[in-house]
Amino acid sequence: MSDFQAPLHEECGVFGIYDKAGTEDVAAAAYSALYALQHRGQESCGIAVNVDGVITGHRDLGLVNEVFTPAVLGSLPAGGKMATGHVRYATSGSRTRANAQPMVVRHCKGTIALCHNGNLTNAAALRHELEMQGAIFHGSSDTEVICYLVTRARLQTASIEAAISNTMDLLDGAYSLVIMSPAKLIAARDPHGFRPLCIGTLPGGGYVFASESCALDAVGAEFLRDVAPGEIVIADYNGLRSMKDHCGTAKSTMCVFEFIYFARPDSTIEGSSVHEARKQAGRFLAMEHPVEADVVIGVPDSGLDAALGYSQQSGIPYGIGFIKNKYIGRTFIQGSQKQRENSVRIKLNAVKSTVEGKRVVLIDDSIVRGTTSARIIKLLRDAGAKEVHFRVSAPPFKYPCYFGTDIPDQKLLVATGRTVEEIRQVLGADSLGYLSTEHVVKLAQKSKCGFCTGCFTGRYPVDPPPQEPEDLHERPLHESEKKKVL
Amino acid sequence: MSDFQAPLHEECGVFGIYDKAGTEDVAAAAYSALYALQHRGQESCGIAVNVDGVITGHRDLGLVNEVFTPAVLGSLPAGGKMATGHVRYATSGSRTRANAQPMVVRHCKGTIALCHNGNLTNAAALRHELEMQGAIFHGSSDTEVICYLVTRARLQTASIEAAISNTMDLLDGAYSLVIMSPAKLIAARDPHGFRPLCIGTLPGGGYVFASESCALDAVGAEFLRDVAPGEIVIADYNGLRSMKDHCGTAKSTMCVFEFIYFARPDSTIEGSSVHEARKQAGRFLAMEHPVEADVVIGVPDSGLDAALGYSQQSGIPYGIGFIKNKYIGRTFIQGSQKQRENSVRIKLNAVKSTVEGKRVVLIDDSIVRGTTSARIIKLLRDAGAKEVHFRVSAPPFKYPCYFGTDIPDQKLLVATGRTVEEIRQVLGADSLGYLSTEHVVKLAQKSKCGFCTGCFTGRYPVDPPPQEPEDLHERPLHESEKKKVL
Amino acid sequence: MSDFQAPLHEECGVFGIYDKAGTEDVAAAAYSALYALQHRGQESCGIAVNVDGVITGHRDLGLVNEVFTPAVLGSLPAGGKMATGHVRYATSGSRTRANAQPMVVRHCKGTIALCHNGNLTNAAALRHELEMQGAIFHGSSDTEVICYLVTRARLQTASIEAAISNTMDLLDGAYSLVIMSPAKLIAARDPHGFRPLCIGTLPGGGYVFASESCALDAVGAEFLRDVAPGEIVIADYNGLRSMKDHCGTAKSTMCVFEFIYFARPDSTIEGSSVHEARKQAGRFLAMEHPVEADVVIGVPDSGLDAALGYSQQSGIPYGIGFIKNKYIGRTFIQGSQKQRENSVRIKLNAVKSTVEGKRVVLIDDSIVRGTTSARIIKLLRDAGAKEVHFRVSAPPFKYPCYFGTDIPDQKLLVATGRTVEEIRQVLGADSLGYLSTEHVVKLAQKSKCGFCTGCFTGRYPVDPPPQEPEDLHERPLHESEKKKVL
Amino acid sequence: MSDFQAPLHEECGVFGIYDKAGTEDVAAAAYSALYALQHRGQESCGIAVNVDGVITGHRDLGLVNEVFTPAVLGSLPAGGKMATGHVRYATSGSRTRANAQPMVVRHCKGTIALCHNGNLTNAAALRHELEMQGAIFHGSSDTEVICYLVTRARLQTASIEAAISNTMDLLDGAYSLVIMSPAKLIAARDPHGFRPLCIGTLPGGGYVFASESCALDAVGAEFLRDVAPGEIVIADYNGLRSMKDHCGTAKSTMCVFEFIYFARPDSTIEGSSVHEARKQAGRFLAMEHPVEADVVIGVPDSGLDAALGYSQQSGIPYGIGFIKNKYIGRTFIQGSQKQRENSVRIKLNAVKSTVEGKRVVLIDDSIVRGTTSARIIKLLRDAGAKEVHFRVSAPPFKYPCYFGTDIPDQKLLVATGRTVEEIRQVLGADSLGYLSTEHVVKLAQKSKCGFCTGCFTGRYPVDPPPQEPEDLHERPLHESEKKKVL
């Protein structure tokens, strides 16, 4: 889901439930699922409920428990059999309610609620075309473009799923969608399968769609299977159906960063456990970058799985090296660079007895700017570690992502224009080793899909969008335009 | 501005500022103006600011000072030369952010912010037509319909004002609009001139549009004139221009309730002072319904002007009969019937020394359900009034309004199906007199416009909307639809 | 009620209810009463409820409806027969919760809740003495001193009322108290009777004490009489009793500013209607400072009563000259000087049709800094008034008050060091007249009490406190103290 | 810190900083320290700052980041050299602001701010005695009793530390105190040393006192040593001094639950690392209750350390068995039993790949009601675990604590009246083993102190308080009292 205002990209989580039996509180289920998916987006969230075909939604900026207070959750209509939910991450520029989801729009055939995870690469062109036909937009996201295309297609087609299929002919890039119409709940995934999307079954009958299987667990649903790349899955009164017109039309290129960073370790994606993939990353790391040491520790929580894998492969004992203050949120979602700096030692504290006088292997899943990592290494040295050998369970990322991941400006990345040795010096580690690109595509050992490694290699499965044209809506008027009678 | 969900109608206030010199803080000016117009709508409000053609808005449910906290007001971009603002009143069904204004939409020629006071009588039909052409709607108000029509027309026309003019060909009913495009600020009023709209000039150069002149005073602008019924007025870099294509195409039928109830007494509308019109109502009342009494008092604040007029005409001394608790809001905007009942004696207290042992003439501008009036009369009797003669400075209203006024269901109106004598008994007054319809159209003695008296007479200048068709978006699915593959 | 931090003084409102029949919701009654007394204090408020001897209280900074949300009000224990309430006004220095009331303290004989309106002149000395005996204080108000003295006296006496009586031997200055013990509700007033305090009876049996009779009206109680200066009144299981030991021990010197400014016009104090007293002020003004003019108008709401009196006495017609924006609070309680300046024209607007081309008599009850008055006069001139003759229904106040009224620093008062002619020039009026001190003590024509006019004359009925000694708690340490082993 | 209203007991965290150099922002340091101590109390918190002897405090209900918003933290006076802070945990009955700390009281020799962790066993008797001497109390906590005793003693003594020492002669039970006077910061610990309290040094000069060493790390202080049981430590202008009059007057009986449950693993208490003590608990468990299994997992975060120890001792591989939702708080502090039940599966999810088809050893630090543990075991079985062997790194607790730990009513404890086998059946585990009391006192292998094991054995080092006498303040009046003139 992109934003036109700035070259920013976001990660999101989507959810939908069709409770055939009508025994669930679908709004409460969406709430639980969004809690489970909160790690995929902390900027805004929303839930839309469908009661006998009438769709009502609420969405706002904030975490799930901030937006959905007991009063707000209680104000959603009861008795529905369908609901969708969305969590969204975005940087400041696009922090507006207008871009929050589910987007609920009323059109010729009723109302739909649409949730989107991903990023279209041809959104600007599509939007321009729509505008030239009289479309108006309330926000700046590509999601509103998809809404328009689907509802327009619906005018020409016999069903909402046919309209979605026609729309998919027009879309380039990454999208995992959950769409709720008056009578149906539909999931669709782009032919590349960039972003995950899976299906669960409800014990009492009915279906659930979610970005990750951890959301199925949260609502007591059983994992059925992933939505295939290019597939459209329809849940309605008649059960579950699939349209596969777009399947196989492109090479499968799942985002490997889902396994390394985004997804929750307890999720299973494309047949592989995320936790196992991360342990495997640790094992590969131990093979690629062995070292003599006394203890292996992970940065909580992102490096713990790989640390265990490294320990198992290397035989060096696993230790608990840090205590995370459980009352403070995750570094990644904080405000300014300055705040991040000050807060490290309050958020994380080294366990002296684990590292004092020891040679420590420290594992994390990524290095972004390098400042946090440097501070963590200093924490260990202050706590008495004799040596700190830093191992990273992913290759250095150096290139922008056009498919839904927010990567800071290249200038801010520590890996840009530095050798590994130079990075090591910046961090103050005794040694430094990154996982190789060769190994990164082998982490998910049970998965049959291919992977996108664009952020590591700069080679993308879909052409990046052209340099964005001057945006009519967000550029200042030229002096001549001010004077002219427009 | 109507809502499709229920036969509800609202009163709103609109505002726009074009500060040619760039010396004003236009967001702060909009804030002050909305404060001055707050009586026209307490449900939601919003401000949109235009900085060199880039339009940014904020709107939410709540009063102006609730929505625009210092932080929120400060977050609006500075340095703009144009802004628009809106306050809205609506009943519970449509209390959603999606219907708050200004509505900011991005379209083929840039962005517009649109503010609307009034109610279209053909909104449902227009909306249906748009939907059949692929339009999608985020909210349920007729204002979004106007946005669509304007932006579509813009595709075919050379200017935004031409697009507005073309759109006006399609609209039936009441609308006073303020529209901000990247380079222009435009006001438009329906050919009947149902709702007020006036123009002011800024001391440093530039123009202001507002529902009432009290908002001009609030921003230090000087009253220039009213926008004529059917007129489109354009303020831009080149000054002020007018398009009069729609002027004279319909009979002028200003809402007389603006003079009686809605507008602020310090406003001048259609050339007449609202305060003077209300005093005149009191004078007419004294002629129509004279009585021997010791003191004339008004229900604060709505009856004070007419009470003074009654006193002047009758020679009975004017008194201050009530003290209003200044920490509690106005009856009209409160929640349930129950709450209204309990709160009267906390809100209003009789001044014993004014009424004790006296024959009192009590004046108010309207009786709705009658319960509040009955309680006020009881307050006077408890305070020792010997007689209470109730005079109402408007005729009994008995019919729905289709042009932007919220009148409760007829069944709730005390005047429905009751003679004046029966109403008097319900209220417990010693005598009761209403202003006649003959006089009500003569209150605004300096105005040349005609008046709509539909709510008193049931005779409307424009055909009411047909019985609303089943609304696709808000009706439950039929059982067959649930089963059918839609 | 003083504050030790700064020479600040406050006005407050007190309330208590003893519902013998147990048919009232005493917390809700206190809430209604505090709403009615809100004009006496907007900084903080509180309610304490007594259920079978167990006292529970809640108090906080904010207006009554801010502090007592439905949830908070609902959380107070139900089923009680007694409650007390308090509203407090104070300037920023002492805006702390620790000083909010009712003060609930637990002591040797149970718990008491104490409410205080007034200001002790010997609080600092009493506090010092208590501290030297081991007392500790949580706040800085003189109210906590009274709590201590009462509870200490209780150790030596057979009843709480005897303890109060003994305590009154020690107190100098102004105090109207409402004290709730496990079994009794007690009112007490200082022998001078500086601050008002009255008694009402409940229709179902029981008693109410309140600063003003408007609070009796708000809870449906009937006015019985004022508490006499020096009187202690006890309401309990046995009915109402009175202790008069302190009655007549001092000259009665009621604060005349209660009639001019503080009290609500619908209240009756010391036998006189406040509204009538203000009308009388207008009549006296018309006699003292007559002028040829076309209309008499009052600054809402403070000048309206006197304007009516001036009109009646002079025969010049009464007019409605201003509309007050009902969504903004009263000038007196606003923040900085700067904010006050900006907000005048948003708060108040002149009614052009009333003043245009006219010679206007403008009435207000006071001039403080003069800036607001100057702005109001300018509003009238901008609206077309030919002449503006300003009449003030009180003498110029020039001296501090030590008995519970907050008067700004003398340097800020426009009357300090200026002749009336100089003040007129500052204000920009065509003429200016103040009520004389001779007349001000005759306003309350039915009252038999004497009046304190210290703020006009500098002559006080009780000696002002000595120059406050250096306060141990709020002064910085001297350098020697820091080093010394204290 | 006890509460008189109900037999409830709390755990708290205390902090104080004396920054000799004046280079620290002491309020910000207190904020960081309270964040680090937040696990010791989530009900209320507060900070008091001392600027040149003038003490200003703020305290309220809520978490540190809820109470100390940027605005509130910014409103504390700058430039101080001393501050104290407190976090508090309490059950609903005493959730009042009046009991929040630091308690700031003004007395004969200035102002003190007092922070207390622990619970006096003779508070009721001391309070009664004080009341009989005229003391008044604003809250219901024993902390206010300590304030009184200290300030009274201060009247007779030459210094605040002497007053504290005299006060300690009177106190029975558990107390770790941090007291700030105008010129000194003082720490004191009861002679039994029930609750921890340690001393750190600031790099720029100066001292810090804190409940746990993790708070020293949070403010960049270096651990110096623990405050000895019975010791009074004074930090002031002259450096650090110690008074040892009460040292050795009682047997050392540190609360062992600090090592098992309360304290943060990264803290060092009485010379032992909490993390190592918990690993040791796991090792002892493996010796006492060995089992054949495939993986050892801990309940996050409380069971992780012991799980690692169990794995190391037994040779069974350590695994990551659960993912904790990082957006939800800790079970212990939640509301009703009902809420706890619903939220387990949202808070915790099993990592299927770790446990599927495996024999699992599951470790946690305690079982309270048993319901959460039963649900966790079910989570594992649902995820495919073949066997679940539950090991608890503490003995069953069955007896109330009188020294500052909140233990639910015995009736609610699963261990009350059940054999281990019966508990196993309730939980649904394949086997269950608790750590023995013999081993529990050996966990902190580097500590020389003794331990209190009262909650496991019912044998207490100090006599429990007598059955509380009828509390005057909180008991309803008897009928006779209502009638009698009290």
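Labels A, B, C and D are assigned to the chains in the order they are written; within every chain, residues are numbered from 1.
Assume contacts are C-beta pairs under 8 Å (C-beta built on N, C-alpha and C of every residue); 3 or more make two chains touch, one makes a residue touch a chain.
Since the model is a prediction, treat every value here as computed from it, not as a measurement.
**Q** With chain centres defined as mean CA positions, report which chain is farthest from subunit B.
**A** That would be chain D.
**Q** Can you compute the centre-to-centre distance for subunit C and subunit D, using the mean CA position of each chain? Integer Å is fine.
**A** Centre-to-centre distance between subunit C and subunit D: 46 Å.
**Q** Measuring centre to centre with CA averages, how many angstrom lie between subunit B and subunit C?
**A** Centre separation, subunit B to subunit C: 39 Å.
**Q** How many angstrom lie between the CA centroids of subunit B and subunit D, rounded to a whole number?
**A** Between these chains, centre-to-centre, one finds 60 Å.
**Q** Provide the list of subunit C residues touching at least two other chains, using ranges where the numbers run on.
**A** none
**Q** Viewed as a graph of touching chains, is the assembly arranged as a line, ring, star, complete set, or other?
**A** Shape of the chain contacts: a ring, since each chain touches exactly two and the loop closes.
**Q** Which subunit D residues qualify as touching subunit C in the complex?
**A** Going through subunit D, the ones touching subunit C are 51-54, 97, 103-111, 131-138, 140, 147-148, 151-152, 155, 159-160, 181-184, 236-238, 472-477, 481-486.
**Q** Report the residues of subunit A in contact with subunit D in the complex, numbered from low to high.
**A** Residue positions touching the partner: 32, 35-36, 38-39, 63-65, 214, 217-218, 220, 264-266, 268, 273, 275-276, 301, 304-305, 308, 312, 317-320, 322-323, 325-330, 345-346, 349-354.
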